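Look at the two complexes coming up: chain A is in both, with chain B in one and chain C in the other.
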Partner chain A sequence: MLGQPKKLLVMISTLIIVALALSACGAAPAPTPAPPPAATATTAPAVVQATATAVPPPPATPTKAAPVAGACGSLKILYWQAATILNPHLAQGTKDFDASRLVLEPLAAMNPDGVPVPVLAAEVPTIANGGAAKDFTTITWKLKQGVKWSDGTDFTADDVIFTYNYASDEKTAVTTADSFSNIKTIEAPDKFTVKITWKDPNPNFYEAFVTGLGTILQKKQFEAFSGAKAKDGPNLKPVGTGPFMVREMKPDDVVTYDMNPNYRDFKNGKPCFKDVTFKGGGDAPSAAKAVFQTGEADYGWNLQVEASVLVPMANAADSKGILATAPGPNLERLLVNRTNPDASLGDKRSEPGQPHPFLSDLKVRQALAMVIDTTEMAKQLYGPAGDGACQVFATPKAIVSPNIKCSAVTADTFAAANKLLDDAGWAKGSDGIRHKTVGGKDVKMNIVYQTTVNSLRQKEQAFVKDAWEKLGTKVELKSVPAGVYFSSDEANPDTAAKFFTDIEMFTSGPESPDPTNYLKGWTCGEIKTKAGKWSGNNYERACNKDYDALFDQLTKETDAAKRNDLAIKMNELIIKDVVIIPLVARKSVSGYSKALKGIIFNGWDSEEWNIADWAK
Partner chain B sequence: MFSAPLGQYHVHARVSLGGAYGGKPMNRYIIRSVLIALPTILGISFVIFAVLSLAPNDPMSQFALNPAIPFEVRENIRRSYGLDQPWPIRYVKWLGTLVTTGDLGYSFGSKLPVTTLILQRLPATLWVLGVSYIISVILALPIGIISAVKQYSIFDNLVSTFAFVGFSVPTFVTGYLLILLLSVRLHWLPFIYDSTLVVKDLESFGQLLRQSAMPIMVLGLFETATLARYTRASMLENLPLDYVRTARAKGINEWQVISRHAFRNSMIPVVTLIALGVPGIFGGALITEQIFRVPGIGSLLIHSLEASDTPVIMGVTFVFGVLVVLFNLIADIIYGFLDPRIKYT
Partner chain C sequence: MSQAQATPLNLPSPRMLDTDDFIRKPRSLWSNAWRQFKHHRMAMACLFVLIGLVLVTVFGPLVYTRRIDGIDFVNASKAPELDHPFGTDDIGRDMLARVLWGGRISLSVGVASVLGSITLGMMVGALSGYFGGKLDTGLMRLTDLFLSLPQLPFLLMVIYLFRDTLRTAFGPETGIFLMIVGVIAVTTWMPVARLVRASFLSLKQKEFVEAAHSVGVRTPNIIMRHILPNVLSPVIVAATIGVGGAIITESALSFLGLGFPPDVPSWGRLLNDGRDFLEVAPHVLFFPGLFVSLTVISINYIGDGMRDALDPRKTR
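Then we have the complex of A and B:
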């Protein structure tokens, strides 16, 4: 009895530690607590078009008096995910690309229409102006002259070449490596010219040094920190050419910036803001409150809040902010497994050569796809944050198929879907579940449908399940923590890559207006297999010779209009073959103070791409 | 847990009445406890490392669907983190660096040493949690004593109700209620904690108070409620005991009976609770810090969990483990001062 109290203490402390340790594995799941997934973390998140609703016209041209830099005072930006690092080549996510964009700049930015506009380049090289070779083997960038780093030294081609060397060193282990992977050689014929020769003819010639993926580091500052020493580099305080310089950075909390007096447009009154606070952390709903209700923040990023809460808050009479939404490339979709995920197959599970017992039947896929009312789903669950989708692309317009339209789902639709299934021989059994004898076995339409743990996603699952069960299928819902679902842990059976279920759901989209890389993900060679450590991008394991032939043409075609036609054909083929079932074309939703001017939402680059033009 | 039998014989190793030894056995006890603590800490570090390594999380999962970060790039980053090695080897390396250099590793995300990150977060956490803790101790002890002495009075009933509300309503509810009331409706207080604020004059100190008022209230409410309940229970146990009656019989006035006799004895379990709560101050308040964007240890931990930044999770949990062991020891030593019957052997 006398010893007991002490034991109690020890027990309690042990419990606390264990609880902490357990929470370490339990809580980690969601890399982004955002409703829709972390998938888009590193690409431009704000999926917004120039035609964005509620976006005011570009900044008024300077008024009579010459504008003075710093006249607008302080700008408070609020992200519910805090910036972790300001070296974009070591970035962890959108927040890092965005926070570093105030300081570091690429040669060219992508405008909201997916067209490159010069930043550090004097002009954007095209075939017409001779900057890009007709055979797509080289591209030559002319740099702006007289641009200075914030420490007063000159920006030259050396910095561009250094950035390539830094990023292409495997030991540096940059996140942006892919955008440099097609470069064979890079050289500087003179101080302000950079010539890139590609390994293979590259039609996507704005791949390197454009957008946040291609921002230029200062050679002087980072020279000693290439390769394995990258982690010791000045990653929290890069010297840049942009409108602002870092005053102080506290990882995962806040970054403060001062205007850069060496900025090239400083004499023209840019930037208008004297200093900027880039605060991070918290949650999206309270970030929305800070913009619309208390005015504590001038700009709130990615306000993924239930529509029923967000819209009234933004439209209230005393609202201090504007809600801006715009379409973008990210698509929430259902992936249809073409291979058999049956556990009894052991190592052959979800491997090519094991056709799915019912999803390899086109009619079944068509029936499942037609009964989901995506327009209604988007309206109910996403509100301003998404539109019902029926095809692979919602932007850029050039590759959106004019032939695919969303059709309303009515009782007739269900009748047609039921008829399709009946005709395909899938008859309802005594329990109401459709079944058929396939390969000598009686197969029941039991669908296992997985996605990440996320309240919005679970509502989507319920929506789809409701529709499918009316067709005489049995749907079992499964949700996996995002950290597990998207991991490449070979020992874990619950990953999206292994796809050991019949249907799965997530969001993804192309990282650049050129869709080549993205469309490659549905070719036969990209099929995920155990032997290939599930490394390809073909999650659905669908293989279509026609699609591969089109893709082959796309990689060779150099005419822009023909390339768009090919992309549209591939888009249509994916939908016709029901490789995926598109659900919602997600839009970016941000809010900003009514006093802010000059913001132009951009789905193809950072939301802060034109921050030098922001004013109050 | 600290209620019934503990009050009177709340004693650790061996009780010997009478004969007050000097400090020697005490020193021996401390040395022995520290020696026992070392393998405990080693064990804690091993268990945490193992759990983190075996958990099905992947720092690369946030990149998985990004077409700009293909499989090869992800694998290369994984190698650069050293995650391609088996976890027992990583553990030995981690422990080796810790023992030889005191280095807890560096963060996958910000590439900063974990120690730097923890030290950067400590001031905000110590300020917010420390103040709320001190306030709650100052409030809880008198509240607990009065409600025990005046058991079932209106005051006692009010306090009990308040205490039940205090520790049963989660901090994320009280936190958001306060934000809605004090920030959104009344516009009195900001709810975004500004960690760049430098206190240099009275005005900036006022700002610091304003921005920390709500998190302190939320945490203070919870702590006060818990402590007040324990103080009350402990007092109630002691008040009917013989020695209290004897004291009264000797004619000592009621104030002295309570403050010198009953109070001192009933403090023993409460002090344990207070001492064991101190590591919690360093550990940060996970939810409250997140709600008010206080950049403390708690929000560091949450963020690292979300990003599967294992070195940081490991560092924070390990430091917390060490503190728990340390304050256990301190609690033991404090008993000796409170209760002369306790002797350490």
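Then we have the complex of A and C:
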């Protein structure tokens, strides 16, 4: 009997040890995606070594001779979302645009300052050089001569016109339709000139055929697959003019490329890489590990990882990579629903004409907006990946309002916000939650606040909730898988477009430095409705006649300075009216191997926009 | 439970009890089982661990009153220290408070959904095994149907159909609790039903059942008192494994955004949220992981002990 308690003790301690061991297993539950498998295995050792030594001795090339294309060996790019198609006009996301950009090129790219630079065009048409008409009605592109497709045939204006015909055919159902929708006619006066006439004067004349949205398809290859047959086209192996050509594509997994010997700068030693592996899959944290810790990947895209994880990893003494950020147009924002999302309204839920019981009150919106310390939020949660935002634009500088500054949030701010709510008649009830009788009904400030499933966003939610609950509101958080949230599924009640909550959060931004199309999204005509199948871009269902008047002026104004002034005014109006609550001006964040050279990080175009210049 | 009042198996007739004061107090099935159970030392140790865990999660938040959502960037990602015994996460929320609160959710979801699942499974299995015939065919095809349902799409459908209804009826947290428990129960009862059916098929032929029939015991009593206790041991083992599974399923649902609101810290969610911090702040993962493991291990050992204790062939 004496021995028993002892045995029991031993057993308990064994149990605890086992538990500890198991908890360590439990601690790493994430199905951390395996490093790129077989496809890249053959070249892996050499590359890892090169990155590890940090100063890669270039393979024995004659020192004085011109650089030789293919001298840099293999390049491994890791995207945690895998590419599914290489026809950018049918692309589903950035990953597809970027993967196709190695092969297909637009007439001009946007540089990091939002200024177009020629790619397939000989020069960028401007009003100064006569390429763009002063009244914004036409634009004429001169193409480079002597450019060849990777199959050896010539690139001509016919290909550009074909691309327009392909993309403007509704049956093709391209995802890039917006960038072609303002074109009235397109013609080729000669083999190397393309003249575009706009439906209406279009001040954003770099709308078509610029950036990844406007890459040119080869007429010869795609001619038979326009319209309804688009899905059967050679979308996994397009022939391009770019520095690389597709060797093999496995959708949703990996794309391998070889350098293109017909590339126009091939004789000048471009591209430096002989082959490229564009591997997809995993998640952002594992991509960061692959770049900074293991060096498995030379380039890791969109490392949206919590700052407290990413920064130590990138700055570690043995880090194999560099963290690159570029200010971009994207703004993480809270959208304030002006319509009533109450489920009991049935079909009238979140429809115009059903004002929101408390968010239609400007003072409530102001109070909610002022207590969020966006600077602190960006610093703590985003770190290098974003700055606190207080207005719609963070770039380009010309349309950033000088009159809006982020102010620090202190106890005084909360006092002021509380006073605003008190003044507006929203008194705290016995449960501490503000309420008021609106339209004969007692309305409590219960806020449902949705966003996508993403641990960073969930922390933003916690941050906002913390501030708002101090004001005497009750905040219920909701997270929806991104696939559902951003889908256009009409049957699903959880989409961002339906907006069946009070507040929602996501990131969006203008696609081009000219903000006209983007600003259009807040006009009354863009309001999402059930009848309109939730198309349009006015998620907030806010309608302001002053704003619409400014927008009308913007579409007619042709003077650049005045246009910028108008954009600033609209920017300020959105903020004053608290249509959205800006949170973080996000930057593109990617990581690349310390051995990699020539990367110019770009927030306005594909990150691979200058991949021909990359070297090792 | 109705079995609690089960007739003692070797009961002298009541009249004899009245006349004979010296007869030893009869041992019921359950007191017998308890005597057996006490001899299983691991099971006893684990029982204490589990009771400890339950007490800690139930009363812990009353004693340790720090907020589960208090954001404090100054003290973010702190390793365990006196002020924050379990450290803090990367936005400075106290991990001890979150782990304690998370335990309430994880344990109650785990236990409630398993209870639901075995109740459903035993009902279907017992009916199907005892009565056989068309009822059996029908119920077993239903079981096959549920087994072949792709779980995730099914969950998605159920959740989209009923979330709002339940939310408005019971409030966001209770409503979602009921929904998750229900959903887990409805998708996990099938193995139990098959187990119970198989045991019933063999047991209903046994002599003691015939004997019960011949003395005129009614069918519900035969099922509940004579066959069911003999079927319990595999069911209990299945149930104990199920608790761990249910805790994990809850976290998976929360991770997909279909479970509790994202700021409700269940253990599974804490693990999911912490997985990126393995290197920077391992304590964020360690404590929820420890608690989940302790719970699952304890319940498994308790199940082991109960199986031995309830096995009628193993009576000492």
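We adopt the following convention: the second predicted complex is superposed on the first by the 550 of 616 C-alpha atoms of A that agree within 3 Å, B and C clash if a C-alpha of one lies under 4 Å from a C-alpha of the other, contacts with A are read in each partner's own complex, and residues count from 1 in each chain.
The working rule: a contact is a pair of C-beta atoms (placed from the backbone, for glycine too) under 8 Å apart; a residue touches a chain by one contact, two chains touch by 3 or more.
Source: prediction; values computed, not measured.
When both complexes are overlaid on chain A, the residue A:S479 reaches chain C alone and has no touch with chain B.
In the superposed model, B is the one of chain B and chain C that contacts more residues of chain A. Of the two partner chains, chain C is the only one that A:E306 touches; chain B does not reach it. In the overlay built on the shared chain, the residue A:N492 is in contact with chain B and with chain C. Of the two partner chains, neither chain B nor chain C is touched by A:S590. Contact with chain C, but none with chain B, is seen for A:Q380 once the two complexes are overlaid on the shared chain.
The interface of chain A with chain B overlaps its interface with chain C at residues 4, 8, 12, 16, 18, 20, 22-24, 27-30, 492, 494. The touching residues of chain A, counted against chain C in their complex, run 4, 7-8, 11-12, 15-16, 18-20, 22-24, 26-30, 285, 305-306, 308-309, 312-313, 343, 376, 380-381, 452-453, 455, 458-459, 461-463, 465-466, 476-481, 492-494.
Those residues of chain C that touch chain A in the shared complex are 41-42, 44-46, 49, 69-71, 73, 76-77, 90-91, 93, 160, 164, 168, 172, 255-257, 261-263, 271-282, 285-286, 289-290, 292-294, 297, 301. Listed in rising order, the residues of chain B touching chain A in the complex are 1-2, 5-6, 9-15, 44, 47-48, 51-52, 54-58, 60-77, 79-80, 106-107, 109-112, 117, 120, 176, 179, 183-184, 187, 190-192, 194-196, 272, 276, 283, 290-293, 295, 299-300, 302-303, 305-308, 313, 317, 320-321, 324-325, 328, 331-332.
Across the interface of their complex, chain B is touched by residues 1-6, 8-10, 12-13, 16-18, 20-25, 27-33, 37-43, 78, 82, 84-85, 90, 92-93, 170-179, 213, 228, 230-233, 235-236, 248, 250-254, 256, 277, 279-283, 286, 289-290, 293-294, 296-297, 482-489, 491-492, 494, 496-497, 506-512, 517-518, 521, 533, 535-537 of chain A.
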